[in-house]
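As written, the chains take the letters A, B and C, and residue 1 is the first residue of each chain.
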Amino acid sequence: MSEILIETRDLRKTYKTKIKKPRRKWRGTQAEKQAYHQAVAAKMQKERASAEVAAAAGKAKSIRKPKYTYIEVLKGISVQIRKGEVVCIIGPSGGGKSTFLRCLNQLTEPTSGEVYFEGRLITDPFKEVMEKARLENNPFKAFFATQKVKGRNMRTRRDHGSVDINQVRSQMGMVFQSFNLFIHLPAKRNIMLALKEVKGMSEPEAEKRATEALKQVGLSDKADAYPLELSGGQQQRVAIARALAMEPKLMLFDEPTSALDPELIGEVLNVIKLLADSGMTMIIVTHEMNFAKGVADRILFIDQGVVAEDGPPDQLFNNPKNERTRQFLRRLSAD
Amino acid sequence: MLTGKAGAVKILGVVLVVALISTSFIGCLGAEKSAIDKINDRKKLIIGTSSGFPPFEMINGTTNNMEGFDIDIAQAVADSLGVSLEVRDLDFSFLIGSVKIGLIDMAVAGMTITSDREKSVSFSNPYFKADQAIIVLNGSTIQTPADLQGKKIAVNLGTTGDIWVTSNLVDTGLVAAADVHRFGFASAAFLELTTHHVDAVVIDKPVADAYVASAGGVAKVVYTIVTNEYYGIAMRQSATDLVSYVNVVLQDLKDSGQYDIIVQKWFP
Amino acid sequence: MADYLFGMDISPITQNIHLFYSAILLTVLISLVAIVLGFALGMLVGLARSSRSRLIRYPATAYVDVIRGTPLLVQLFLWYFGLSVIGINIDPLPAAMLAVGFHSSAYQAEIVRGGIQSIPKGQTEAARAVGMTHLQSMRFVILPQALRLILPPLSNEFVIVIKDSSLAYAISVAEITLVSYQLNARYYEPFTVFLFAALLYLILTYVTSTLMRTLERRVRIPGYGEQE
């Protein structure tokens, strides 16, 4: 059995948000949005209930809209992923899939819990304390508490050697639902940018590697095309090439085909399949069940912040152990 | 023909031209009434002046009203007509233009009668005589106009002081054009002196004396440039009735001794 | 001997056209310096305004609010007369350049901030995910896009600076407006002289906007703005 490449221990993520009118453009994952609305509703209910109790007792209690609410998006996820494994994460919208994936490369910082990459801790050892400090209700206390933690953090890092999250990220490739190509650079340059600036390669080296990567995804002829001139499927493939060119040890895919027109999904899935066959360790959050069945070694079903089920595809799809998994699959096959 | 974008532009063009032409006729409509009739209808005499020119026109620190020698003269005219007086404080260089257009009935602002100005407005008979003067700060070594060579000077834009400096110092090369700082209000010119931006101010002598007296000893008048200027009240050339009327008022002031009283009030 | 144009006597202009040469030069000079100063400062303050650190953001916000909250004319007097009162003697021309420049920097800062904040978060995320530091992501991904994005509002601000330079007349800088003023004081033809001044400013602003439009076209991101 190959070694563990990345593992999480009791990963949790809690958001503290001000209760205000929800913005039209939501800047977060589905999980966050749903959890927000649920938490607000719950808080309001509690307030009303306590007001009624007070009224019944003959006392008046004003219903104040609560100022802050806490939303637990991840409720403790511990998972180990081995080298060469292809893991697909499925689950209902808002269950925490994307949040979990983003915690792996620290794009979203967890509130508590640890992430180990190649055996080394990549989460901030004081993150939990820092988050707790930040979630303090009093802004002054919060500020001073965070400063104190920062100080301790810096000393620890200096004494025990720090983990440079940027270096770690350069060994993980991430592909986004909305591609996120650098629109001001042509395809080739999109790929060369990180090669030159993060890996320190020279211009000719970087160019060579970029061209290879483009060949791997079948877009050699689009090397000088700008992202906005390409179709969705082509953009996503360039995004994959951009991640690939860094020669990562791990690839993360956040719903790579969810934003694509149906006829373009195929070309992207083919590239992902090729990658999987070549032995890359991959974690894919997806809604394409058939694809997941075909490419995954293992499926994680994440719902309401926990891993509700974890198993090989035939077992999970045909013989789900958990009731919630069964419900989810039933809803899928219904449409 | 008149459709679409090109058509819209054509229509707009015609409308603009018609508007422009018609506005040029507006001036003609008011030409019937005489100036004095208009003032009486309005029940107000509107004069323009430029403050910061002591003791002819300045703003009273406590009441915030305009006061001075010129104001008293203007008040006499208004009283004689039996109307109220409205004083508008303007940039000096805008006064004649305003009179020409008819925005104000007259400009009373220590304004010297010059042949140039008489091309644009009519002046009353002279009501004051003045010369120009050079003001410097107390420590300065400047004594005569010749000492002004290479120095920086501030003037009130458009006044005879400005004209004198331009023709006698700039045009002769004694002072660089860029070294003459011109301001629409005399007070700004004085400020230039006290903030050390310029070495001297050239302005009408009575004003120079009044300013130095009020400046608490930081400045002094070092030279009187004899120009034999006469102040007059500027009015529209078409307002011939007003000009005659004002001359009568001025003469009355002199004959009745009222003029001397006003002089004593502002030049004790 | 007067010259006429459309029935207007334009001899005040034609006989003194030489005065306008240096005046135009001064207007251009003030505007250029103010634009460059405004941009340099505006970038700094704009970046500060977008910072996550409140320690950096709050002073920048105060700077922008104070400068945008006071009239340029008043600021001009403060630079010219105000500094002298505290002992720093400054000439009219540099005072005008500084006043207009600092004034513009506050507006340019907001323009820069708007540009940076309108870049979709995904761009930063992709840059960080591939291993770039915050500085690298700003330098190679965010700023190149933001600077292109803000060219239209920036061009508008540059036009405003050219027009604002006219206020320098109040502290006796012999630029276009003051020269027109002086001609009016000599010939008492306000309409003619100020119409001519307006024409000069129009030429300057038109040239500027055309130049900026060319720049916009040159650096345009291919495919941008053509989404259905």
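Keep in mind that, in the parts below, a residue touches a chain if its C-beta (ideal position, glycine included) is under 8 Å from a C-beta of that chain, and two chains touch if they have at least 3 such contacts.
Here the structure is a predicted model, which is why all the values come from computation and not from measurement.
Because contacts link the chains only in sequence, without closing, their graph is best described as a line.
The chain closest to the protein's centre is C, with centres computed as averages of CA atoms. The geometric centre of chain A is 44 Å away from that of chain C, both derived from CA atoms.
Centre to centre, using the average C-alpha position, chain A and chain B are separated by 76 Å. Centroids built from CA atoms put chain C at 35 Å from chain B.
Of all residues in chain B, only 92-94, 96-97, 100, 116-117, 120-121, 154, 157-158, 162, 177-178, 181-184, 191-192, 195-197 touch chain C in the complex they form. Partner chain C is touched in their complex by these residues of chain A: 27, 105, 107, 166-167, 169-174, 176, 178-184, 193-194, 197-199, 226-229, 239, 242-243, 246.
Touching chain A in their complex are the following residues of chain C: 120-123, 125-133, 136, 140-141, 144-145, 148, 221-224, 226-227.
If you check the complex, the residues on chain C that touch chain B are 80-81, 84-85, 89, 91-92, 170, 172, 174, 178, 181-182, 184-186, 188-190.
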